[in-house]
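Across the two complexes that follow, chain A remains constant while its partner is chain B and subsequently chain C.
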Partner chain A sequence: MIWSFDLLILLFMVICAFFVIQVKDLLGAAIVFGVYSFLMCLLWTEMGAVDVAFTEAAVGAGVSTVLFIAAVHRSSRQVKPRKRWRRPNKAVGLIAAGLLGGVLFYASVDFPDWADPSSPASTHLSPYFITEALADTSVPNLVTAVLADYRSFDTLFETAVIFVAGMAVFMILGQKTKESAQVGIDLTGGYEDTIIRVVSRALVPFMQIFALYVVGHGHHSPGGGFQGGVLLGATFVLLAISFDLKMVLGRMSEKKNLLLANTGVLLYSGIGVLSLLLGANFLDYSILHTLLPSTGPVVARSHAILGVEIGVAITVMAIIILIYTNLSSGGTNEKGL
Partner chain B sequence: MELLISSYNYWIYIILMMIGLYAMLAKNNLIKKIIGMSIFQTAIIVFYVSISAKKDATIPIIEHGKGHGHSAVISAMDYANPLPHVLMLTAIVVSVGTLGVALALAQKIYDRYKTLEEDEILEQLQEQAVSDSVMTSSGCDNDK
Partner chain C sequence: MLLNIVVITLTGLGLFFFLATTVGILRFPDFYTRMHAAGKGDTISSLLILLGLALYNLHHLSLSTALVSIKIMMILVFFFMASPTATHAIIDAGYESQIEPWHNDEEEQA
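What follows is the complex of A and B.
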């Protein structure tokens, strides 16, 4: 907690945010937004939120930037100046932002001091999680324990939201006529770089092994299903960028992706239903020790967290690939970025 | 000075939020609006994460050997609050899902109107509404 370091990063973030919305080139805006995300990930590491920083590095700085580039590539790159003064948009925006800012600045006087250990957010529920999670679940990473055990309902439905978002992208872009898919700038020429292809082909297996480690070792180190799933999805996105979409779809066809996305959510809720069938509450993992040999209720919770994380990882991976393949090809799955 | 250090970071989150809201309302380009939405989201996420920070606390991972067999007592003061981390971790992953949906919608709009500028889309919508009302000669407003 070094306040001057935080101040520096936060000022850089404000500068980046300002330039992102001012720059006229949308590709440039996407890259500066990636820088913004990366600064934020640095800030969170410094604040002690390592799991969040890991997620942001993979999602915000990585996948989001690629999605923006894919969308810009399929549409127009330049921001055109406003032709006519149709509506006083700027004035409305300034007034609304000013009002919101004024109210929040007024309220910020009553906020607890920054990093105050006795602030309301850190006094009621969270001390229980910190002191009891290891004894309850034998998971040293408190974020994983809270994510997949104490708040497992929350995580189940977040996974379902990701699943629904992937389905929405698939349904918006999936039904497309051929002629409308021909729009966009052609960037494919000159991108067949041997060095990029060889390096990315060599790196992908290691990245995937690391992603599996992140999923499996989430109990003891930063990481877990979300981060590992995003990393697994990102390896396929890397292949799709350096080679082409056909190569990725040859390995992970759309049908397979849809199937995997379903499997992940089903695995998660299946563990919940299993504990329901054994006589406990939905997602109360401790009862599973009757099925797992030589485990007590505590270790059963630890193992069930791993199962849940694997389900999350499968869904997140499939949905990331699905969103990328649909966005970059305009739903046709023919030619990517 | 004391007040400045204890709450300057909240003010910066508010500034980020204002930038995001301004971009969502005032920018003409749809991709810029989506970027504004993302900035607004991250401002809220960074606010949540920052309330989990504690002075002199470490990351919320308990080191090996501690607490097993209750030899050492785990003090809640020594670890950052894990609860906001959990909430925001899932929020970030969901935000990439919503970003995908928003970009898919923008792409669909581009395919239909060949532009991502709000004023040009509105123009085309109004022209279409006029031609529709001429065709049906009922004068109904399809714009609404």
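What follows is the complex of A and C.
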């Protein structure tokens, strides 16, 4: 019965993906892309990957839609009509995409079946994580243990990727003054609304507490640094939409954001360097029990995972605010969405 | 047994209102009336279904299930505030960009 539900979601996803490409209105395309992300989130929940679904819901369906809309707001909304001479280019693209797709389909035959018990991952790696992770790290949520301890290098560089993405946006847009910024369609016009302001003002503190809970409770439940950081960033984006950019920048100035983005990555890699200095491998947290009073190597790993998650959350939050403020104002930080 | 009846009634009512919302979005003539259906119907149906889930979760009454139910109720409160505000924001944006409300022409002529 459940596979038909999967099939239905996948069918809707293909339809959404098709419409994202075909829709001429870029704002519409951004919204359909949000729907696509939401369907993906449903699919992941259904497959039992709750942490991934949480990230997809927060990043894909939530913040990235807002970032797309902010980008569309600063450029033109309509696609230009196609010229006739570009037809051959289109044919070349179609052939290239078709060939690549064919190769991928051909390669996918060699993949192990989904949840195949005899695949290499299921014979060695997954059983080890399932049986030993709690004893190794005292973290009940296996995803957090794998993400922030066993696969700590991956996560460190994921955080670095987010940091670099934010820096790229800042480098391209951030230096502009008011005159040089190209202003697209103007939707703002001193617009105020009491209901939206009051409600978002009332909800933001609770959202932030929930975000902190997600960061701190990642050991026991779905969540962690990325999800909590995105939620924290989203609260500031909500404030920027319902009030204006000045209000957010008064609380989280660009300088502060840059500093925080650096602090997060530094905290993460600092924990790694600290374990290196104490004589273990890079990011081998168990050695940290010599610094933390009354903890064994196992509990030290659990504590270090929390430290790492906090670092990730700080970076992600700062980068999301940075990208949003720069995208929505074209780098001027003058007037937002 | 009694709990089951209550849960089924709540969830069934929620599904009914979801259906009504969908029909409203498809059948109403213009942006404002459609948003009216979406905002009201979505809120009430989500409230009913979440309430049903929170009660269903209490079948085995213990501290952990009670905590989950309380969390569901908190989502409910959040939804009750956020959903009407979002609808209001969308309708307001439509009003700002000067979408004409629908008029019944026959009524005006009479």
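Assume the second predicted complex is superposed on the first by the 320 of 337 C-alpha atoms of A that agree within 3 Å, B and C clash if a C-alpha of one lies under 4 Å from a C-alpha of the other, contacts with A are read in each partner's own complex, and residues count from 1 in each chain.
We take it that a residue touches a chain if its C-beta (ideal position, glycine included) is under 8 Å from a C-beta of that chain, and two chains touch if they have at least 3 such contacts.
Since this is a predicted model, take the numbers as computed values, not measurements.
S.K.: Please work out whether A:W114 is in contact with chain B alone, chain C alone, both, or neither, and reply first, second, both or neither.
M.R.: So A:W114 only meets chain B here.
S.K.: Considering only the touch criterion stated at the top, classify A:A168 as touching first (chain B), second (chain C), both, or neither.
M.R.: first
S.K.: For A:F206, is the partner it touches chain B (first), chain C (second), both, or none of the two (neither)?
M.R.: In the superposition, A:F206 touches chain C alone.
S.K.: Which touches a greater number of chain A residues, chain B or chain C?
M.R.: B
S.K.: Identify the partner contact of A:V14: answer first if only chain B is touched, second if only chain C is, both if each is, neither if none is.
M.R.: It touches chain B, and chain C stays clear.
S.K.: Looking at A:K255 after the superposition, I want to know if it touches chain B, chain C, both of them or none. Which is it: first, second, both, neither?
M.R.: neither
S.K.: Now for A:D193: first (chain B), second (chain C), both, or neither, which partner does it touch?
M.R.: Only chain C is touched by A:D193; chain B is not.
S.K.: Can you list the chain C residues touching chain A in their complex?
M.R.: Contact set of chain C toward chain A: 78, 81-82, 85, 88-89, 92, 96-97.
S.K.: Give the list of chain B residues in touch with chain A in this complex.
M.R.: For chain B paired with chain A, touching residues are 5-12, 14-29, 31-32, 35-36, 38-39, 42, 45-46, 49-64, 66-68, 70, 73-77, 79-90, 92-101, 103-108, 110-111, 114-117, 119-120, 122.
S.K.: So in the complex, the part of chain A that touches chain C is made up of which residues?
M.R.: 187, 191, 193, 195-196, 199-200, 202-203, 206
S.K.: Tell me, which parts of chain A touch chain B in their complex?
M.R.: 1, 3, 6-7, 10-11, 13-14, 17-18, 20-21, 26, 29, 33, 36-37, 40, 43-44, 47-52, 55-56, 59-60, 63-64, 67-68, 70-72, 74-76, 79-80, 82-84, 86, 89-90, 92-94, 96-98, 100-101, 104-105, 108-109, 111-117, 119, 121-122, 125-127, 129-131, 134-135, 140-143, 145-147, 151, 154-155, 158, 161-162, 164-166, 168-169, 172-173, 176, 180, 183, 220-222, 226, 230, 316, 319-320, 323, 326-327, 330
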